[in-house]
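Next come two complexes, and both contain chain A; in the first it sits with chain B, in the second with chain C.
Let's look at the complex of A and B:
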């Protein structure tokens, strides 16, 4: 029972974590990013499309489409993030509003394109790209260790990808000059500019990275939750990732904690329902758990929360 | 070209209105390009939008329907959108971002359905009661978000998102457990006496769905305009929205102000909820957060957070959403295409501040040129 909680909790928490890191990149550079929801959806769309195409080219059971889909998702997410970049940086739009419209367009565009593509390529009027079910692996031997062993039991390959990417992202953010510039741009862009940093360029790349990272999360959910891409990918997990990063005070490690909390609250609730043999309608009540827990914890921990100082402000070189 | 742009969008008079219209035209043009690319006739498609929403006559009508009944249907669909966009606009004026409209709508719609919709109260009592419950429920959720913000420093966007999901799942649970209609898998239709839309009213040999609250929505817009422009409360809300520290220095109580703004915004969202769920729809779909609450953010933006602007923006967006059903049946294009066009319009609207700055720079350029010629 505890095993299930850990296995399913991690499978839910890690994609959320990578999306939240995406959000941290963007917000630490000073660009509010509500567009995570749309970015992850568009990424999943691009990835699923690529997977469906490659699935026709390779033999059944091949793992190639799986990895192709993640690469395509990252590229798609980065490309789509350019829209948010353009609106927020070039056209100086209100960043919150830009996020909302970017999400709206992602939802409309991906469902429209999915139907079109399905009709044109496969002659079927469907709003879904059906994917292969993802393989899961168990590390033999040490996974037998009680409780802790569950961490390496029936792991999705994407969980490994996420952990590796997350480590690289952490390294870039805290150990490289670019990361320092990025954080400077979010706290005091004027000073960063005076020090010779191109604020627009740093922010542009930050948002593009954010798109790529969110897309990994979206693609993972497409595999783990439904094994297809459909408009139901827009379940609001992108928004939940934003809550996680704010809860984690815009730092990567505490955000990881927040995501684990979401994941375990969710899987724990579901296991509890099954265990007590309650009717399935109670699932809906249990689903509120991650949100209720977050809200309660925010009540206690928000006092010391400090967002990046220049978050959401439009940077205007001429204004000092 | 530059001179033409300046002539079109420059000057102070109704500048924001002209820029909004400019964004709409750009969006429609971009939509036309997409339609051309997929091999459809944009003019015919746009005609269908107007026909589907009762602004142009269709080729044929089902029994007891004509252009006028379609138009009344449009007003019915538009009523909640006006309230929802007003709700967002009020919060924006106060420097707050109300992304919780959807949750507030569900809560008020659900509470009103359960308390009044399934009761046997007579219409003259039931209908005002539904409105009142909508206002109170919405205001309660709104002030909860405001309270969390000023008491515990919780970002209103985050708490609103959490509350949206909590409300949606709790309401879904109650609907599925107690109020579900076995056939439609939605909540049972509410009684006619409580419904804010008079369904299938026969007059002049036609059948109408009359939105009772439409007039109320228009009145609400003007009340909000009066409140914002002519009263101390409105002045304070706007002052806090412009600069929290300056307002605090001027002696305005920020905490109370945040609470009042969210309460007002919530009350309007509550009205949107009852006019949507107890009027236009008559039922609640469990498990889904209504997208209207998110669209309302963009609609308020298109209306430049101006109450009267919200009426026109709602009108436009509702034409596209209502008309898209007819468009898709006539042209055989996917219904999502209408959402794509809407989103593109809103993307251009999000750039309105850029257009304004760009035009004023052009103005100065032209002015400088003409002076150097002299």
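Let's look at the complex of A and C:
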């Protein structure tokens, strides 16, 4: 039972973690990013599209479409993030509104495109790209260790991808010159500018990275929760990732903790239902668990949190 | 090209902003290794010409030569390349970064992880900064975080930032505006030693004593035009002041003997805690009569802010009482206090005094927009508001680009202050609090405000003046209270105290002695 909680909890928490890191990149550079939801969805769309195309070209059971889909998702997410870049940085629009628009457009656009592509390429009227469920692997031997062993039992490959990318993201954020410039832009863009840093450029890349990272999360959900790409990818996990990064105080490690909490709240609830033999109609109730946890956390933790100082402020070089 | 004697030559610089000509055909030449002061009133164009030199604005016309070579300085980045550094009036520091991180920002020393992954070499950076601060005698701890440091240390970080970038032309924009007297002394010492190390220094200021103390030459600007360039040692401060304002200024304030009436404001055993929860005001008692100016002297951070916040209702009193005309207002809301006749000119103009994004006319009715004068039921009378604005702009000489409809954040600091003073004086308050009313203002504006303070007294108001400038206290006060470490050590008639005595109480050298 505990094993299931851990296995399913991690499978849910890690994609959320990578989306939250995407959000941290954007917000630490000073750009509010409510667009995570749309970015993960568009990324998943691009990845799923690439997967169905490659599935037609390789033999069944090949893992190639799986990895191609993640690369395509990242590229798609980065590309779609340019819309947020354009609105927020180029046209200095309100970042909250831009985020909402980007989300709504993603929903409409991907569902429209999916239908059109299905019709044109496969002659089927469907708003889904059917994917295989991702394979899972178990590290032999040490996964037998009670409780802790569950961490390496029935692991989706994307969980490994996410951990590696997350580490790289952490390194970039805290150890490289670019990361230092990025965090400076989110605290005091005037200071960064005076130090010779191109604030617009730093923020543009931050939002683009944010798109790529969110897309990994979306693609992972497409492969785990639904085994297809459809408009049901927009379940609000992107927003939950934003909640996680806020509880994590815009720092990567604490955010990981918040994501794990959400993940275990969800898987724990599901196990509880099965265990108590409750009817499956209670499933919907259990799905609210992460959000209930969010509310509780909001009450207790949010007063100690400090957002990046220049978050959401439109940076205008000429302003004095 | 150009005269080799000069490291910087700015020729015929003109720069306009919407509604104002900030620099009008200004030419200045600065010698290698001198301390060159730019003197002028607020809005005279000193900061603009230096912002041009630092690449923040480009001039509409005119030429700039650096070390004899004609340059087009299009960005601060390029200015930095030319060896020009600037300490801005509002520091440009990343508040959650360490001293080192701030200094190296934009030119981080790097090492390669596994030979190819770029990484900031923070250890080397910390060593470099420690060494740099040692070399120039600018004491800072490289690893402390900026938001934990006081203003003068932050300023040292700004100076180190320039030195780290190997600047040899250093521009200081009003560097002493935010410092205490002791800190000013040590800053001037630092500036002198930088000059002795071969740096060329430009200092923007309107404090004449400082120019007298350190500058070699001084350019005087007035309303965008260069009036004169003088050798400091051959020019008296009075002469400089006259050139700067373009009219005779009197340094002493004309005022008649006070004629105090009834007690209007009475503070009894008041204690107030600061944000950290420490007791910042301790058992303070004093009273102010109508027609009396009570000046509170003290070094910054000795409880003045908390005391005033408690009186104005922005902070809760822990203990004690505040009476306005014998009515206990200790627990009153801010609006109740305003309605019982408390006017307040706060120190922090931009956060407490004004709503920066509002227009001038809106800011001028901030405290009484809801009264019948400006509202009928729930709708604001635009005409009454505009009339009020037009009248006050006229009467108080508030200068701005677009009159009534100017957004106040685009106005100069001096004019923002005029707007606040206009609004507060118009309230006809029984108690008028002036907190650092002349901070950062020029000589002309200062003498104007002093006159307004005295007029308020003569009208019969009880005036509480809080100032860090001893001259201001001595000139304006009828009664002086000296605050040190949250306690008022001494209250006496102004005529009974000498400057030296007040200074000793301010520094806590002498204690006690209520009278």
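Here is the rule we go by: the second predicted complex is superposed on the first by the 320 of 320 C-alpha atoms of A that agree within 3 Å, B and C clash if a C-alpha of one lies under 4 Å from a C-alpha of the other, contacts with A are read in each partner's own complex, and residues count from 1 in each chain.
Following the convention adopted for this analysis, contacts are C-beta pairs under 8 Å (C-beta built on N, C-alpha and C of every residue); 3 or more make two chains touch, one makes a residue touch a chain.
Quick caveat: nothing in here was measured; it's all calculated off a predicted structure.
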Open item on the list: For A:133 in the superposed arrangement: first (chain B), second (chain C), both or neither?
Closed with: neither
Open item on the list: So in the superposed three-chain picture, is A:187 touching just chain B, just chain C, both, or none of them (first/second/both/neither)?
Closed with: second
Open item on the list: For A:63 in the superposed arrangement: first (chain B), second (chain C), both or neither?
Closed with: neither
- [ ] Would you check which partner chain A:197 touches, where first means chain B only, second means chain C only, and both and neither mean what they say?
- [x] second
Task: chain B versus chain C as contact partner of A:274, first or second or both or neither - done: neither
TODO: On the superposed three-chain arrangement, identify whether chain B or chain C touches more chain A residues.
DONE: B
TODO: Using the superposition on chain A described above, determine whether A:303 touches chain B (first), chain C (second), both, or neither.
DONE: first
TODO: Return first, second, both or neither, reflecting whether A:175 touches chain B, chain C, both chains, or no partner chain.
DONE: second
Open item on the list: Does any part of chain A touch chain B in one structure and chain C in the other, and if so which residues?
Closed with: none
TODO: Provide the residue numbers of chain C that touch chain A in the complex, in ascending order.
DONE: 75-77, 80, 86, 88, 91-97, 101-102, 105-108, 110, 113, 117-120, 161
Open item on the list: Give the list of chain B residues in touch with chain A in this complex.
Closed with: 38, 97, 99, 148, 152-155, 157-159, 161-166, 169-170, 172-173, 176-177, 287, 289, 294-295, 297-298, 301, 334, 336-337, 339-340, 342-344, 346-347, 350-351, 353-354, 357
Task: Contact set on chain A toward chain C in their complex - done: 171, 175-177, 180-181, 183-184, 187-188, 190-197, 309
- [ ] Spell out the part of chain A that touches chain B in their complex, as residue ranges.
- [x] 34, 83, 87, 91-94, 96-98, 100-105, 107-109, 111-112, 115-116, 236, 239-240, 242-243, 246-247, 281-282, 284-285, 287-288, 291-292, 294-295, 298-299, 302-303, 305, 307
